[in-house]
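Chain lettering (A, B, C and D) follows the sequence in which the chains are written, and residue indices restart at 1 in each chain.
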Amino acid sequence: MNRRLGRRDHASVAVVLLLLLTMLAGCASPFGGDEEERITLRLGTQMTAAELESFEQGLAKIREEHPEWDIQLEQTPQEGFVEKFNAQIASNTLPDIIQVGIPHAQQGIRQGVLLDLTELIEDAGFDPTDFWPGALEGYEKDGRLYGIPLSASPNVLFYNKTIFDAENVDYPTDDWTFEDLRTAAIALTHDRNGNTPNDPGFDPDNVVQWGLNAAPAHLYSRAYFIPFGGDPCRNPACDEMSFSAPEVLEAMSWWVDLVANNHAAPYDPYSGNQTGVPGDPFVAGLAAMGFSGYFLVGQLNASGTIVYDIVQPPAGPTGVRATEFSVHGFGIAKNTKHPEAAFELLRILTSAEFTSEYWAKPGHGVPAAKSGAQAVLNPRFQPDNEQAIIDAMAYGSAFKPFVEGALESWLATVDIFISVFKGETPLAEGMAEADRIIAETMVRANSGP
Amino acid sequence: MKQTHAPQPQGTTGAATGAGIRRFSSPRARRSMLHVVERLLVYGVLTFFAFLFLLPLISMLDTAFKPRALVYSFPPTWFSGDVTLDNFRFGWNALPFDRFLLNTLFVTSVSVCGTVLSSSLVGFGFARYHARGAGLLFMVMLATLMIPPTTTLIPRFVLFAKLGWINSYLPLLDPTFFGMPFFIFLFRQFFRSIPRDYFDAAEIDGCSPFGLYWRIALPMARPALVTSALFATIGAWNDFLDPLIFLSTMDKFTLQVGLATFNGAYYSQLHLLMPMALVGIVPVLVVVVVGQRWILSGLMRQVEK
Amino acid sequence: MRTPAPETTRKQPGRLSRAAQRDQRRFYLFILPWLIGFVLFQAGPMLFAIGISFTDWLLVDTPVWRGLAHYRTMRSDAAFHAALRNTLYYSAASVPLAIALSLGLALLLNRRWAGMSVFRTIFFVPSLVSGVAVVLVWGWLFNPRYGAVNGLLGSLGLPQPGWLSDPRWAMPTIILLGVWSVGGIVVVYLAGLQNVPTELYDAARIDGAGRWQMLRAITLPMVSPVTFFLMVMVTIGSLQVFAPVYVLTEGGPRNATLTLPLYIYQNAFRFQKYGYAAALTVVLIVIALALTLLQLALARRWVYYTGWSGR
Amino acid sequence: MSAEWAIETLDLSRTFQEPRRLFARGPRRSINALDAVNLQIGRGECVALVGPNGAGKSTLLRLLATTVTPTRGDACILGYSVRSNPAAVRRVIGVVTGDDRSFFWRLTGLENLLFFGQLQGLHPATSHARAVTLLEQLGLSDAADQRFSGYSAGMRLRLGIARAVLHSPRVLLLDEPTASLDLRHRAQVLDLLRASISPDGAALIASHDAGLAASLAGRIVRLEQGKVAPKTARR
């Protein structure tokens, strides 16, 4: 019996090993190779379904015109882009052309995985001045260019016409200053008894309608300070910041005043302080005005419940305007085998013709190339004043700071902004604390690897 | 037939019927009252929890079926009564969902087979045999569950990239054939609640170790088998991070990766995301309904005896 | 259960008997698939993560040796302290809650009444729906201003908390969301209940056992191996809570929902501090191992295995 | 409540349905395990239940032991209906089934008896004394502190009998109480059972053991295909 048992033992081992071997054999199958001389270009995107739909149409056309290229579209949903991007960097497998926003472009530049396009640009006779400078600067470092923007959407002032009409307040105009904004915001704010903040019985705990849904909630809120002459960035790369400099404190106090004393804007960074996120008071029709990017146009038009228009961001006391771009663009992996072909494809993808046809017309964003900007003018849908967007492009700038420690500084200082706006911490004290933390968390970035 | 009958409190005609005899059981009324109260209580508690558990699903259903304009209107309108299938139609056509479904089906079925076979085998080893180092290995195995998957993501990607497995299903499927710790542990626990005698007896009758596993352990742990198949199905079907990272081209995407494409950093196409997420639930829901019946068929068998 | 009787089966210390040797061989034979898979796919990444925890590394360069520097940093890192506190809080609250609720539901569901299969499916559904869709739905439901939950509470005249935007309520809300997917545990419990021999219930019932007695004296000890399994798994899972805090709060407000896995993620993918992230992972594993070992040690006292001598 | 008969059944029937199977075709089969059985067993009587396998002996005992509910009909034990008052029935019966899964395998024989004694509401001291006596009478004293999982089939059966008579029930329902016992132990069991039948109660023993029937039972009832075979209904 023992011998028989033994044989069965072996049989079971054999079964297990066979199973494993089959698996290993399956694993060994190689990746498909190229048999022709076509140039394989891997194109990494991080688009939404709607963006992909029109982008692929454009891509089909490019494929037709360039049969020598085998363009492989590698799409990653935005939700997992960070992980994939980092994994590809670590394994040295970045696609030849990769779609990156500014923070990741800057990361790629810092880590030396993006190709310096400066020479290629010169060789190709490509004209970067056709791109809005604010959109381009996100792909620059030390005067070298590492990517070309595809679209750049500035934040503009959205206003709800229905609320303005009901309150009998004049619509905002492109000439507005921030003081006009404050006056209107106060007039449009109501508690549940119908009192405005200027009325004696006003109850700030039960506001049912706000004048404005916006406030500088974190260190990326640069555009809220610049019109008042208080840019917290101390140098162009913005790797030194100060919120406790006198002029920044003054700019900040304007906003604290609006929120804490005028009660004309809500302050609730975790449930819709930002305009355009689900549940924010402007989209809900409970705030008369809000700052947001072009993407909100699509969202508001889809629901169709809000009658609105847009104007440029108001000017500060000295007439200065500022706004920030949300930018998308393409870079090229440093280790690409076909830099020229990759650059040629990149050039086509960011050209005014391509972006106005396949990006602006379907409503995904504003072309970063100046000559394509007119494509956002759309008389058939809201808003009427699309020109405000094009005007704002001129002074828009990239989200800063670019540095490595910026996100960490941001997360570490969010609470300070909250407690200042809630009146728990005096303004000067809070901003000094913010500076201390920023200096601490950005220090590694400045010393650099 | 019988002629006489036991004396009964209320007196009886002596008819030998079930109805007749029931009369000499007076506590019946009280008992059935208790029964009714118990039923009401149990159903009440279950209904309460069912409502809580269904809230998100109701919300999803509501979103999926209402016209696009209402999806984005705030404050949200609940059950406007306006029902449309447009979202399903547009969602289905926005991305190659038929492809995604087929891919997911393939990945799920292969990985479920792999998981259940290999994990039950390993689990049997851990449950049945004493060996030096078994305790330590068991802890090591559990320890692999304790690492957040995002931490090993980069080293794993580097490994699979070196093997040339990126944009193939191998990184998703291959590990399942080497035993998944969660399921190994589950099988170990279930196998350990089978009396040892069954194995000893079978072994004396000349059953090989593999036979013990295949012919004694697996059939006796049928609820565990079905449970783990169920969990493996759900796990593979809903797996997001791994397919997201290891698959690159749309023709390879699974359902969850496809769904995530509706969700952007600035703007989500909720009116398409919700209906397609619901469509994605349907196949697993079928598996769950069928699987649960299988788990519980043990109960029926016991009554049969 | 009661005092264990002396073991009657063979067990002698020192040299292994032939039977024990044979057992040993078979043990390794059976676990061979896992061993191979572990060496091939898991040991490497695991060791790599541990190794990286002693270095600074930026993905593309060679790691710079930092020794225990990252572990020393943790001592004064307020965010780490918050993350540790929140993670333990989450575990301590959600594990007992999930186990008790699921056992309760499983006991209620384990009967052959009409509609039970419908209820079983309903409870299981939330654990089928994963991903962004459902987390977004949670966000709507718990929105303090327009959410259905506060709408319901308001119409009942109950207070309406700020949920995720209120530092005091944020973590309880996340715990509540976790309990929602308890359906999976319910199913494992149902399977466990199926494995309890009905003969034992019959014998006890004939001997006059009431429901409470049968629950305490038969059901609980007989499903204790399953309870043990679930406790270990739910604890490990609770130490890894990530998706809801990642999507809904990013750790806020005021770090109230910053969990260790989220902090690890932020360090690795947001701050590019891979070395520090790896060190945090090591700490997380140590905590999880310690809790699991504790549970294993305590298991001897309350887990009842039919016919298997405890290990 | 008083009743003339110790055990009485009226049209007692039980139908089993084939378990629901996946992918099964056609309607589920149902099996009449017991079909309108009428039986009276008097006070102090000991009846042997015989018949081929599958005749319904075990089903009848399970119905009387209240572990299975009748599909039709009813049965009364000392006047208590199994249908409407199973709790009262359980108080007066002692049951032996061959199921070794009805014990805790990791507890000793004595611990098992004490556990069931506790369920029966016996005082722990009384229970312990009675258990020790029974174990001795059944030749299990040496194995009292041994785990049930180490018991042989015969030992398990005898422990089952000890459990059945632990609380001195008036009515005994025994399923194969002597299967797999050697002669010495069989004699011990018979002695114990003979002494355990209360003059006020009854015993119903299902067995293939002809000798047992002859030596213990005053009457033999034969079941065939779920029905009482007419000829052997009375002796």
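Note that in this section a contact is a pair of C-beta atoms (placed from the backbone, for glycine too) under 8 Å apart; a residue touches a chain by one contact, two chains touch by 3 or more.
What you see is a predicted model; the values in this text were computed from it and never measured.
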Common touching chains of subunit D and subunit A: B, C
Between A-B and B-D, the pair with more C-beta contacts: A-B
Mean-CA-position distance for subunit B and subunit A (Å): 39
Rounded Å distance, subunit A centre to subunit C centre (Cα mean): 36
Centroid distance [mean C-alpha coordinates] between subunit D and subunit C, Å: 45
Subunit A, residues touching no fewer than two other chains: 9, 12, 16, 19-20, 79, 83, 86, 90, 278-279, 284
Set of subunit B residues in contact with two or more other chains: 74-75, 118, 121, 150, 154, 174, 177-178, 195-197, 209, 240, 260, 263, 268, 270, 293
Junction residues of subunit C - those touching two or more other chains: 26, 29, 33, 36, 59, 132, 136, 140, 145-146, 268-269, 305-307
Chain-to-chain touches, reported pairwise for every pair that qualifies: A-B, A-C, B-C, B-D, C-D
Residue ranges of subunit A in contact with subunit C within the complex: 9, 12-13, 16, 19-20, 79, 82-83, 86, 89-90, 107, 111-113, 268-272, 278-279, 281, 284, 404-405, 407-408, 411-412, 414-415, 418, 449
Residues on subunit C engaged by subunit A in the complex (per definition of touch): 26, 29, 32-33, 36, 56, 58-61, 79, 132, 136, 139-140, 143-146, 162, 164-165, 249-255, 266, 268-272
In the complex, subunit B residues that touch subunit C: 39, 42-43, 45-46, 49-50, 52-57, 59-60, 63, 74-76, 78, 118, 121-122, 124-132, 134-135, 137, 139-148, 150-152, 154-156, 159, 174-175, 177-179, 181-182, 184-186, 189-190, 192-197, 209, 213, 221, 223-224, 226-227, 230-231, 234, 238, 240, 256, 259-260, 263, 268, 270, 273-274, 277, 281, 284-285, 288-289, 292-293, 295-296, 298-299, 302
Contact footprint of subunit B on subunit A as seen in their complex: 1, 4-5, 8-9, 11-12, 15-16, 19-20, 23, 26-27, 29-31, 44, 47-53, 72-80, 83-84, 86-88, 90-93, 276, 278-280, 283-285, 293, 295-296, 298-300, 302-305, 326
Residues of subunit B defined as touching subunit A within the complex: 68-75, 94-95, 117-118, 121, 150, 153-154, 157-158, 161-168, 170, 174, 177-178, 206, 208-211, 240-241, 244-245, 248-250, 257, 260-272
